[in-house]
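Chain IDs A, B, C, D, E and F follow the sequence of writing; residue 1 opens each chain.
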Amino acid sequence: MILGTGSAWDTACVQLADAARHLDLDDGMHDLLRTPRRSISVSVPLLRDDGQLLVLSGYRVQHNLARGPAKGGLRYHPACDLDEVKALAMWMTWKCALMGIPYGGAKGGIAVEPGLLSRQERERMTRRYAAELVPLIGPDKDIPAPDVGTDEQTMAWIMDTYSTHTGHTAAGVVTGKPLSIGGSAGRAGATSRGVQLAAFAALRELDKDPRETTVAVQGFGKVGALAAQYLHDAGCRLVAVSDVKGGVHNGAGLNPTALIRHVARGGDTVVGYPGTDTITNAELLELE
Amino acid sequence: MILGTGSAWDTACVQLADAARHLDLDDGMHDLLRTPRRSISVSVPLLRDDGQLLVLSGYRVQHNLARGPAKGGLRYHPACDLDEVKALAMWMTWKCALMGIPYGGAKGGIAVEPGLLSRQERERMTRRYAAELVPLIGPDKDIPAPDVGTDEQTMAWIMDTYSTHTGHTAAGVVTGKPLSIGGSAGRAGATSRGVQLAAFAALRELDKDPRETTVAVQGFGKVGALAAQYLHDAGCRLVAVSDVKGGVHNGAGLNPTALIRHVARGGDTVVGYPGTDTITNAELLELE
Amino acid sequence: MILGTGSAWDTACVQLADAARHLDLDDGMHDLLRTPRRSISVSVPLLRDDGQLLVLSGYRVQHNLARGPAKGGLRYHPACDLDEVKALAMWMTWKCALMGIPYGGAKGGIAVEPGLLSRQERERMTRRYAAELVPLIGPDKDIPAPDVGTDEQTMAWIMDTYSTHTGHTAAGVVTGKPLSIGGSAGRAGATSRGVQLAAFAALRELDKDPRETTVAVQGFGKVGALAAQYLHDAGCRLVAVSDVKGGVHNGAGLNPTALIRHVARGGDTVVGYPGTDTITNAELLELE
Amino acid sequence: MILGTGSAWDTACVQLADAARHLDLDDGMHDLLRTPRRSISVSVPLLRDDGQLLVLSGYRVQHNLARGPAKGGLRYHPACDLDEVKALAMWMTWKCALMGIPYGGAKGGIAVEPGLLSRQERERMTRRYAAELVPLIGPDKDIPAPDVGTDEQTMAWIMDTYSTHTGHTAAGVVTGKPLSIGGSAGRAGATSRGVQLAAFAALRELDKDPRETTVAVQGFGKVGALAAQYLHDAGCRLVAVSDVKGGVHNGAGLNPTALIRHVARGGDTVVGYPGTDTITNAELLELE
Amino acid sequence: MILGTGSAWDTACVQLADAARHLDLDDGMHDLLRTPRRSISVSVPLLRDDGQLLVLSGYRVQHNLARGPAKGGLRYHPACDLDEVKALAMWMTWKCALMGIPYGGAKGGIAVEPGLLSRQERERMTRRYAAELVPLIGPDKDIPAPDVGTDEQTMAWIMDTYSTHTGHTAAGVVTGKPLSIGGSAGRAGATSRGVQLAAFAALRELDKDPRETTVAVQGFGKVGALAAQYLHDAGCRLVAVSDVKGGVHNGAGLNPTALIRHVARGGDTVVGYPGTDTITNAELLELE
Amino acid sequence: MILGTGSAWDTACVQLADAARHLDLDDGMHDLLRTPRRSISVSVPLLRDDGQLLVLSGYRVQHNLARGPAKGGLRYHPACDLDEVKALAMWMTWKCALMGIPYGGAKGGIAVEPGLLSRQERERMTRRYAAELVPLIGPDKDIPAPDVGTDEQTMAWIMDTYSTHTGHTAAGVVTGKPLSIGGSAGRAGATSRGVQLAAFAALRELDKDPRETTVAVQGFGKVGALAAQYLHDAGCRLVAVSDVKGGVHNGAGLNPTALIRHVARGGDTVVGYPGTDTITNAELLELE
């Protein structure tokens, strides 16, 4: 399979064509699987704090609804456009189908640099965008989630806007909302947990006991630090971790909880953690 | 004002920019008036009579809803695309505002050559397209009408699809439907009536009495023949009419009812109507 | 046309078959025009004032909805059954179509002798029946009216039950309701007015001046008395009226207002009204 | 009738009791006519521009819905409380019933001094209050209007908030909105027109010809100036007008259009208008 | 109990009367339990592939809704009529109540021979019937299922028609739909599983160990073959099976998986399966 | 903390102020947590069995909806007023939040002595009150439950009224309904179960084995008798119980099932149960 060098949508279409060839799909079915069910562009007027009126473009693509309500993130990024959103929505259709969960695929976004907006501006923009989508989203129709440039607070605003419209607290309209209003426990560490589960699946394939396995984790940010913690908690011996400034090693085992506390306290790096040898990222990858 | 040589959308944007300059609008307001409130593309799968699956693209743009529900036609044409529909929708916004009627502007369409489809295929395609739009159209939201490639029957299918969804006969969801299910009397001759009214307004400006005015009508099709009839009925003396094959003249006056019957009976032309001189279209335009 | 000797439904079907033959309808269209769109039977449990539970059968048939919401009365009568209601609903379809009003035909009823029920029982029965029909009736769907055994009060109960369901006062759900909650002025005398208008239409056909016409009215109840009044008010000379007990005659003219007051005051008959000759019904019909 | 010296609600109840005595109503019906159908208090949190959170109390009382949707104003005033709103709602019920229009009575308000809020704060407050009322108001349920401390802009915000909730432009949810979004022409001068119509009704009673009547208008503000204009336009001779600074008199007649222009141009008073004698308000009232 | 010799409805009513006698129910309660809550007949026009218009009658009876939404199958059969559907609906009420599940009873059908229709005709007929029922069915109201003449595909069409109406994929509106759009795993073998569970319950009553029990299964179609499989899988020794052509016996035990494969491969009968004695159905029933 | 001596609302506000001081809340947040989201008073006209019209006041306060639908009881009591209901609603908000369940707090009631009404009057009153609340309650909005003066039957009437409005059986609109229409098993004994669980939690704190613990229960009514049963069933030795008439003691253990049967059979007291010593309530509390 050779991917197109063009947009995300071109790439996704090449991937689909490749699959269609393998499955020997006829042209009609191939077209049906490619064409999004609904693509919506909406005008999102934003009155800036300084009184200036900015008119942004918001998107939502529901690629496929055949297996249940659509599911997919919402991104705030200057390069966001309809083609990108279409590609991401089609990929969500595939992901949900592959996992066998009863959801279709969707994606949305606003072409904006959220970092340049005040919190009040982000709230007004999000609520206006959500209000435009109200007839098309909902727990039974299409369920947004955080993505690039959006977060728990964005989802809380969407949920509140939608709830005001339906007349009751509708927690099911978004995922990725704060725990206090019904968010899912475990979502924050879900990617790290996935790293651990994938590693354990590999160990099972290799017929190895996790309790007799040593672990080195490259990257000690949001995902890596928790992955180190989960692997350690599940019985592996953590012997090395690293970040952009370098790594640390101790063959007798490192305590990830203490390491996380060390990084949080200052220095922004694992390097220099007491009782460890300093190593490079390259050396970490070459550890046995 | 120099129009762009590009798409309808480019043309419309140049017109808007021109108006914005005259009105000295700030950039925010200019953007707000340009950006469509909602642009929707939907997938319209059509199972052909021969069993082949065709996946068409349907569009609906609601350009502005500030003054009331959106109003605008629906066209079936191979060259129909989102940009064309956006331009036509913006023009509808302007037309409704200029006439002071409480409607916004919209337009829609499907990229298809309707002449290549059977009646059953056109019905299935129209109903599927309508079903996708159900949450966004309605007597209080957006009211389609016939346009290029669509007709009374198309509107009847849309009305029936929408009515089935709402659970009752909803005649208000479309205009241009057949009289028997609630269409407006006079709609068929509305353009011809407009010709007559505009001519009379001009006569009033010139302080001329219609009863002392002679009339020549170029074109004797759907619009021209009825315009000739209305002008005649309102007291003008009809002295000449023409069609693509030539014209006829009688200074003492022609009877449009008899002429229409003559054309309907055969020949497909006014030429040869008894008691008239044959003239060319050019001669008709040069009559006093 | 020979009518069936069977039920109202048989009669109506024979009438339709007759019309279908005249119009040369194919079997499919004939069937379509005969088969009611929806026939509903509902259980109407009624807790009698004495604590006994009675389970009545209620009906509503919506014969045709193609031209707009269905319209038709509601009767309370022991002989009411689904077949009778179907016939009456089909006749309503025809009546609305003949008058060119944008309504379809419906009819409903409960198989009960309303005279045996207390007012509280009639209210409970009506409200329960109405509650069962709520998803199927409404100003845009189907609009009941009084008929045999039902009256303004019945319509007020239905309107209130329906309004409670929709959450606002929905006067449009029934016709024939009391004036104070939105009933139509003139409805009470509508039949009498129809008698007068029909008589005047006949006079116009005969090229006769109403002001030079004498009038005799057989029957002086709810319809006849008001018809006499309207004919008198419109300029005719009322020379005789009659009721089941006989009639009165005065060639110089009778005052219907005074006659109505006379009957209301006692005796329950026009016979004996001062200044009149007593005549029989037969004599009345033979007056010039 | 002696009014209570207490709250508006006490006053209204005394008035009702007085009427009930005249009508000989039983206690149940008297209670039914007094007790509001629904009284709602809502929390209206307002984030001030300076970041401070203020929690205001908003009210809406629907006193009677029996004759149609409720109708009544919305006031922003520090002294607004539930009792005042209940009284005003009951008075609206009476006003609508007296005029024979198919509406019930309602009233609402927020206990706040609107003059202390910025325009942005007033908008946020109004929208939040409106959002809380959405399930209870609407063209078929309850229709707010401007009152003390609220204006066209307030109604526009309510209409927009409500429209966003219903998914389409719902102009019918408020009266007193700006003309450009569907407000009623003539509403601005309606009170002045009422003054003229009442005066003419009095003249008819007195069997006097308006064209032979001279008119003096005390007060030349929003209501008085237009009343003077309407009386003049209808044929009366305007001989004197006054304001808080004094009055002017010209027995031969004053031109109200010119007077209004004179006041608008400066001085803020009619006094000194060329060609007039200066008089006091007392003298104006004593003119023949 | 002696059953009536009449229709299913007569039979069901006799059964109910019998139960009412045992329970000493008063007449009102007896009537309440007999009378269906709602019986609906709808017109189902079907445009045949050859252009002919056929008008079919469709039914849905909701017998009882007191314990939750109604539940019941949908049959396509020429003999289907309202009385049969009423009986089947009442039986569904009883079945759901006996099993203690929170559902009432319903049943529906169309009087048609589905085998005479093309797939396209069956789809159009099903969608039209479903559209008529939309206001009365749904996950919270009434949930159809397959029955005689209908199957998974029928349910998929109903689900899609209903989902189009509600605006989102509503898998809960039918049971018995294909697994790929949310059908229940295990439904296909549910009847066979019931046979096994009933047999085991009997064994428990008799205090017998399934592992020491021999089993003979008469009938080896959709239900019997899977029942044989389940009994075998649960530890019983399968010694004989039979079909319309005869049976096979092997005291040492038969392998149902192999037998099913044998039948599928050809011959359409178990007779002749290697390593077995051929027996008659009568002999099978007399085996120890 | 010193509680106010005033109304329940005063008490609740003092409690909140106390908590706000501990948490150092700013005034805005304190106000937000105090002010009910919505307080509704409705008119509840009741036609008494004797034909008299009584107009009652009904209330519902939804104090907080931020964490999910509101939850709270409904009381019928002459002293019920808006202030009491507001206090009880705020306490429900706190209770739900403390237990970490996703519900807000509400409470409602009618100012009436239910004991003075007939069952029919209670039903009519409850249904009318429920009908007024329909737009504001529901499984996703606000879920009433029994409280002082209301019971299972009250909840069944509310559920039926609400279900009639929504068009389907909506069991989720109330808790505390009869088991037969979806009530929760275990609700009847929930308070007794709570006593047992609290006792066991205390034993765990004290590190004591329930099986070696003796139990004395003061009060042998609805709550106490079942608590004795649950404690006995969980392994404790029940040595004494008492009621208003005195207590019984048997150091070897009492059988609560037999005791309950003894009380039910007559005497209305545990005193005199065979094989026990009679003790006073004071002695019971002093048992070891």
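Here is the rule we go by: a residue touches a chain if its C-beta (ideal position, glycine included) is under 8 Å from a C-beta of that chain, and two chains touch if they have at least 3 such contacts.
In this text the structure is predicted, and so the values were computed from the model without any measurement.
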- Task: Count the C-beta pairs in contact for C-F and for A-B, then report the pair with the higher count.
- Result: A-B
- Repeat of interface C-D, chosen from B-C, D-F or C-F - more than half of residue-number contact pairs shared: B-C
- Taking each chain's centre as its mean C-alpha position, how far apart are chain B and chain D in Å? 45
- Message: From the mean C-alpha coordinate of chain A to that of chain D, what's the distance rounded to whole Å?
- Response: 55
- Note on the structure: Among chain D residues, those touching two or more other chains are 135, 167
- Message: Graph shape for the chains shown, where an edge means the two chains touch. Line, ring, star, complete, or other?
- Response: other
- Task: Identify every two-chain combination in which the chains touch.
- Result: A-B, A-D, A-E, A-F, B-C, B-D, B-E, C-D, C-E, C-F, D-F, E-F
- Note on the structure: Listed in rising order, chain D residues that touch chain A in their complex are 131, 134-135, 164-165, 167
- Can you name the residues of chain D that touch chain C in the complex? 65-69, 102, 104, 138, 140-141
- Interface residues, chain F side, partner chain D - complex: 26-29, 31-32, 34-43, 45, 52-55, 57, 132, 135-136
- Contacting residues of chain E [partner chain A, same complex]: 166-171, 180-182
